[in-house]
Structure formats: structure tokens, C-alpha cells
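Common to both upcoming complexes is chain A, partnered first by chain B, then by chain C.
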Partner chain A sequence: MMPISHFLLLFVGAALINNILLTRFIGLCPFFGISNNMGTALGMSAAVVFVMMMASTTTWLVWKFLLFPLQLGEFLYIPAFILIIAALVQFVEMYVKKYSPALYRAMGIYLPLITTNCAVLAAATEVAKPGFFKMAMPYGYTLGEALVYALGVSVGFGFALLTFTALRERLDIAPVPRFLKGSPMSFITAGLLSLAYVGLAGWFGL
Partner chain B sequence: MMKEWLRVFKAGLSIDNPLTVLMIGLCATLAVSSQVEGSLFMGFAVIFVLGMSNALIAALRKVIPSQVRIPIFIVIIASFVTVVDLFMKAFFPPIYAVLGIWIPLIVVNCIILGRAEAFAYHNTVWLSIADGLGMGAGFSLVLVGLAFIREFFGAGKIEFMGATVLRMPEGYAAPTILMMFPGAFILFGFVVAIVRALSNRSTARKAA
Partner chain C sequence: MLKTILIASAALAALGVIAASMLALAARKFHVEVDPRVEAVASALPGANCGACGNPSCFAVAESIVGGTLPVTACTAGGKSVAEAIASLMGADSCDMVAVISARHCGGGTNAARVYAYAGVQSCNAVSKLAGGSLACSAGCFGYGDCVRACPFDALELDDRGLPVVDIPKCTGCGICVRECPRGQISLLELVPDCAPVVVRCNAHDKPKARKATCSMCCIACKKCEKECPEDAIHVVDLLAVVDYSKCTGCGTCVRVCPQNCIDVYASASTDADGTGNREVLVLTVGE
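On to the complex of A and B.
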């Protein structure tokens, strides 16, 4: 039995210290795409947490019991993982459409876009394929670790997205030089936010 | 025919540039652009995948039913990405180690799926190849440009295939922030601002 601190460190490391958006640049499309409205950003974050947990668990199982024993992993992992994610997103979309039409309308085009959210594929690949990311344990993750890691990554994603959305809502009424108005200013804001996360590097030796 | 081909090709480089104008596919750009060498390989990989997937999707556009087109596009793209993945792993292992997760992530690069959906699914094979190559070249141009600025000014030298190609004069204090993640965001913000200002000026001149 692993000590609880091990899982806690894994979570903090994935969520804050190696934040997927601001220190690894994965998943920037929704980060810039839907960060102009707090409600949508919240919905997107929730959807990403859900999809990422499901996707990571599924890819972990598929790798462990299907691709690896059949020695197909090296050749098939990209199509296999992306198809798993695409199917899951379709499932979430149908569910949300049926049970929460308001949320469905709010998320609009961005729900299907989770399929092409690099963050989901990145997390799913990292937990499933041992030794893929230098952060990952060389022996690979256990299922419990994979779940905690995916939770950490997606919570970190949501946290950064919501922080940035709040900043951008303020930015709309701030006096910005005309030269930088709009998207350039968003990038610079993201840069400063990322600077704050760089300050966390090295905590707990992560 | 050739003229139309060139027009489509050039659009990817300038007015429809995926990075500075459409602003899609940013993740890979910002992450990979800390080194010229890695960026060049990334650029080639994207040009290859984009050109091939555009061509194949355009060739099959009449038989792909529109309800299931997205999964089909993704499978086609994933196959070409697997080709690149295995090729780089076999022949350029040091570069594969640097690019790491970014090679499989080409699958979810918005540029490729975006062009499949917006262009290749409605156009001929010939024009789709032009679009793929143009978009890929536009992507690579900005990527390598950014990488050049970041590596040359941020590290003070450019390394290529293990040799130092270009070096700042002795005593240059490199601002390391350019090599780090925040620097990429800030630099890209300024690049977008400059590109936008230039294109605004040229449209204003055309209108006058």
C-alpha cells in the first residue's frame, strides 16, 4: 500500500508544478478560445475533468490488457488512444445534450473540440504508455496513480483556465495600448501568469 | 490551373497563416520553438502529415459520409502521424527525444483537422495538396522564426546537429526568460501584434 503522501505529491505535481497549460503548453486552443466567459470556462473545465479521468482509465486498461500483450502498442497507440477519446467525447456530448440542454448550448462547439484537446490525449498517453514523459515513473503508473495523475492534470487545467478567464474579463475594461489590444494582450497576460507558475518549479523536488 | 494552385499555396503562407492569423495549433508552436533544430523537424513533420492527409481526404471525399467524417479524418491523420513517429524514432532518436510527446500530439493539432474539415473535404486533390503544403509551410515559417529569435537571443547561440552554427559575441548576457515558457507567450504576443499592424497598414494602403 502506497502512502497517501505519494498520491498527494503526484496530484500537486500534476496540477500546479507541472501545470499542463502554463508550464507545458498543452491544451492552449480552449485556453484562448473560450476564456472570455466565466460560465463557459467553468463548463469546459468540468467537461475536461470528466473526459480526462475516463479517457486515462480506458487507455490505461487498453494498453495493459490489449495493446501491450499483443505487442501492438508501438504501432497502434496513436490511433487507438485518439479513437477512445473521440468515442468518449461523443458519449459525454449525448449525455449533456439530454440532461442539461442549457450547459450544452453554453458549451456549443467546444464540447466536440475536447476530442482535439491535446491535454486529454497527452495525459492519456502519459499514464498508459510507460516512460513516455520524463516526469512519469519509468516503471509506469498503477491504475490508482493514473487516476490521481489524470485528476491532477485536469484540475490544474481547470484552475489555470478559470484564473485566466477572470483576468481576461478584467482586461476588457482595462486601458490597453491600441497596438496590443485583443489577442496580443491575452498572450502577454498568459505569459505573466505562466511566470507565476515557473516560481513553483522545484517544490518538493518535483 | 497552376495559378489557382499557387494562390491557394500562398494563402497559407500569408493571409490565412494558421498561426499568426487564424491562431490555431498554438500548443506545439510555443512548446517546440525553444530550439531551431527541433522546430525544423516539427515543421517537416507537420508539412508531411498535412499534405498527405489533405490529399487522401480529398481523394475520398465523395465516399466519406458526412455523419462520420470526423472519426474518419482522425484515423487518416493518426496513420500518417504514426508513420512520422516511427520514422523519427528510427532515424533521428536524439530529436525524437527532444520533441517527445509533441509528435503523437500532431494528431490533435487543430490545423490538420481544421484544414481537412474546411478545405480538403470540399476541394479537389490537387488543390488540397496546395493547401496542405501552404498551411504547413506557413506554420513552419513562423515556428522556425520564433525558434530562431528564442534560441539566438535567449541562449546566445544556435546549435544544429551537435555543432554551433551561430554565436553571439563574447560577453552577451542572454535573457534566459526567452528560452523559458513565459518568454514564448510574451514574444508570440508581440509577433501577433506586429503582424496585425503590418497587415492593417497594407489593407489601409490598398483601400486608399
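On to the complex of A and C.
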């Protein structure tokens, strides 16, 4: 049994120190695309947490019981994982539509949007494929570790997205020089925000 | 080598078949009945998901139209033909769409007095920030043509008095000039129905005497137009003549009686609706 501190470190490392948006720059399309409104950003964050957990669990199982035993992992992991994630998201969308219309309305448009989001694919690959990313354990993750790691990545995604959205909402009413209004200001803000996160690099040896 | 290829193909095919059958099953088991009108309305929409109306997709618009939160005229890009198709699907007999065009409420130009000689950046937005602008009139047109440069359709140009003139067939009613104009918010430039027969070329609400001292073209609130109008379509409101386009028939009485020549003949009936193509932009009412 792993000590609880191990999982805590894994979570903090995935969420903050190796933040998927701001230190690794994966999944930047929604980061800029839907960060102008707190409501939609919250919906997207919730959908990402949900999908990332599901996708990581599934890819972990597929790696463990199909790709690794057949020695196909080295070259087949991207098509296989894309296929799994796409099908899974479709499935989940149908399920949610049928049994929870309220939840479907809340994250309806974001579910299909993140079907092939690169952040989801990255997290799902990292938990499944040993040695894919520096945080991977040499022996590969256990299922418990995979879940904690996926939770950490998605919470980090949501945290960064919501921070950025809050900044952009304030910038909308701030007296920004006209030539910087809109995208230029967003890029500068994102850069400064990223700088803050990069400052965490190397903590706890993660 | 061949064996690896075969295993890989087989494994991927197996994954695909499993995923596909799972989805096929789910599609049946989790099937949700949708209002058939949503499908019908969605197919009547252009389907380009252009986003001009401000909604994420044409399908979302269809859902909102059927749900009653958007009018049948919601599709900006589709124009009148699409709106009519949707209106018939939704059981509304007809729909009234009124196109809009831009109109300038100022006739000053070179006739308007200036309080200082401006020699800076030739831009209305720049001059308006220097002590409220160089014009003596608090509501008139500066004439540096910010609206002309902003117009994406080349529908505006400055005339010899330095006032923007709208080329009505080219104007789409997008309203960019109104947003660009530093005095757009006080309706120096304004969107009016594209069949607006007359336009009042003044936008000031100062006392008529003070106004007349700053400009030879201004409305002096004499109410001659109001008294003479046979349709009760023009009124002096807050010291300025204002046309009610729902009543105006374009008889031209006000243009003739105005002692200041401050009311102009504008869009004639021949330039409206069908003659000018895709101009059904602003949504007004939906007939039952």
C-alpha cells in the first residue's frame, strides 16, 4: 500500500508543477477559445475533469490488457487511444442526454468539443504508457495512481482556465491601449500567467 | 514483420468493432425523442455554422427557435428567404423583416463653426478627445471620415462639405460606422429602415438660438414640419425634429417647408428590399 503522501505528491505534481496548460502548453485551443466567460469556462472545466478521468481509466485498461501484451504499444497507441476516447465521449454524451438532461444542457456542447482535445489524449497516454512523460513511474502507473494523476491534470487544467478567464473578464473593462485590446492582451496575460507557473518547476523533484 | 502488421490491424479493427457496436447499442438504448420540428428547422437553415447570429451552431439556433427563445428571423446570414421558410415550418404566416441602413444626422460640414483650428491626426476619434472636439456644435459631424475608413463595404464617402454620404445600395446595415463614430452613441450616425424616405440632418439638442450661431444648417425647432406633416409622422422632441418611420409616407412636405433646409430626401422606395439583395438584417416583428 502506497503512503498517502505519494498520491498527494502525484496530484500536486500533475495539477500545479507540471500544469498541462501553463507549463506544458498542451490543450491551448480551449484555453484561448472559451476563456472569455466564467460560465462557459466552468462548464468546460467540469467536462474536462469528467472526460479525462473516464478516458484515462479506459486507456489504462486497454494498454494493460491489449496493447502491452501484444507488444503493439510503441506504434499503435495514438490511433488506438484516439479511437477509444472518441467512442467513449460519444457514449457518455448519449448516456448523459438520456439520463441527465440538466447535466447535458450544462456541458452538452463541450463534451463533443473535447473528444479529441490534445490535453485529454496527453493525460490518457501518460497514465497508460510507462516512461512517456517524466512524471511516469518506471514501472508504469497502477490504476489508483492513474486515476489520481488524471484528476490532478484535469483539475490543473480547470484551475488554469478559470484563473485566465477571471483575468480576461477584468481586462475587458480595464483601460487597455487600443492596439493591445483583445487577443494581443490575452497572449501577454497568458505569458505572464505561465511565467508564474514555471516558477514552481522542480519543487519536490517533480 | 508481417505478423506484427496483421496483429496490429486486427487489434485496431477489434477495438473499432467493439466501440462501434457499443455506440450502436447505446444509440438505440439511450435514444431520446426530439421535436421533429427541430430537424425541419435545422435543415431550412444554411447549415454553415457561420456564427453570425451569435449562436454556436445552426442546430442550436434551430433548437432555440423551436423552443421559442429565438424569433424565426434569428438567422442573420440566411436573410428573408430562410426566415420565411422557418416561419412556415413554425406555423407563422409571414414575417416582417426590415432592413436597416446608416444615416447621418448632421448637415453642418463646412457650414459649421469651429472653436479651434485642429492640425493633429486626421481622425474624428482623435479630435473628439481634444476639449470635446473642434466643432462649436456639441453633436455634429467632425468630417475626418473615421466611418468611411471603417466601412467594410465601401458604402461611405466624404462629400465636398466633408460629410459622409451613404451609398444606399452598398450599405448592409452592419452598424460598424455607428460604433466607430465618436458621436455614434448620441446618434450622429444611426441605423434607420432602408426605405426611410427622409432624414433630419441635425442631431443637436442645444437651445435653437445658440445652435443657429454655430451652424447655418441646423434644426431650429420651429415645428413647421410637425404642423404641416399630413401623416403626423414628424415631431419636435427635445428641440429636435424626429421622424417616425412607421408613419412616414415620403410625401416630402417637411423637406419643402423646412426653413433651414435641414431635412433631406433619403432612400427612395425603389431602393428598398428586393432591389438590393441581402439586406434583411435587423429583426423587427413576427406576424402571427
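We adopt the following convention: the second predicted complex is superposed on the first by the 190 of 206 C-alpha atoms of A that agree within 3 Å, B and C clash if a C-alpha of one lies under 4 Å from a C-alpha of the other, contacts with A are read in each partner's own complex, and residues count from 1 in each chain.
The rule we apply is simple: a contact is a pair of C-beta atoms (placed from the backbone, for glycine too) under 8 Å apart; a residue touches a chain by one contact, two chains touch by 3 or more.
Note that the structure is predicted; figures quoted are calculated from it, not measured.
By the document's definition of touching, neither partner reaches A:35: not chain B, not chain C. When the two structures are aligned on the shared chain, A:115 is found in touch with chain B, with no touch to chain C. By the touch criterion defined above, A:66 lies against chain C but remains apart from chain B after alignment on the C-alpha atoms of chain A. Contact comparison for chain A: of chain B and chain C, B touches the greater number of residues.
Judged by the touch definition given at the top, the superposed model places A:79 against both chain B and chain C. In the superposition on chain A, A:188 makes contact with chain B only, while chain C stays out of contact range. Once the two complexes are overlaid on the shared chain, A:94 sits against chain C while remaining clear of chain B. In the superposition on chain A, no contact is made by A:56 with either chain B or chain C.
On chain A, the surface touched by chain B in one complex and the surface touched by chain C in the other have residues 75-76, 79, 83, 86 in common.
Of all the residues in chain B, the ones that touch chain A in their complex are 23-28, 30-31, 70-71, 74-75, 78-79, 81-82, 85-86, 100-101, 104-105, 107-110, 113, 180-186, 188-190, 192-193, 196-197.
Interface residues of chain A, counted against chain C in their complex, comprise 62, 66-67, 70-72, 75-76, 79-80, 83-84, 86-88, 90-91, 94-95, 97-99, 109. Against chain B, in their complex, chain A makes its touches with residues 22-29, 32, 74-79, 82-83, 86, 112, 115-118, 121-122, 125-126, 132-134, 179-180, 183-188, 190-192, 194-195, 198. Chain C contributes residues 4, 7-8, 11-12, 15-16, 19-20, 22-23, 26-27, 29-32, 56-57, 60 to its touches with chain A in the complex.
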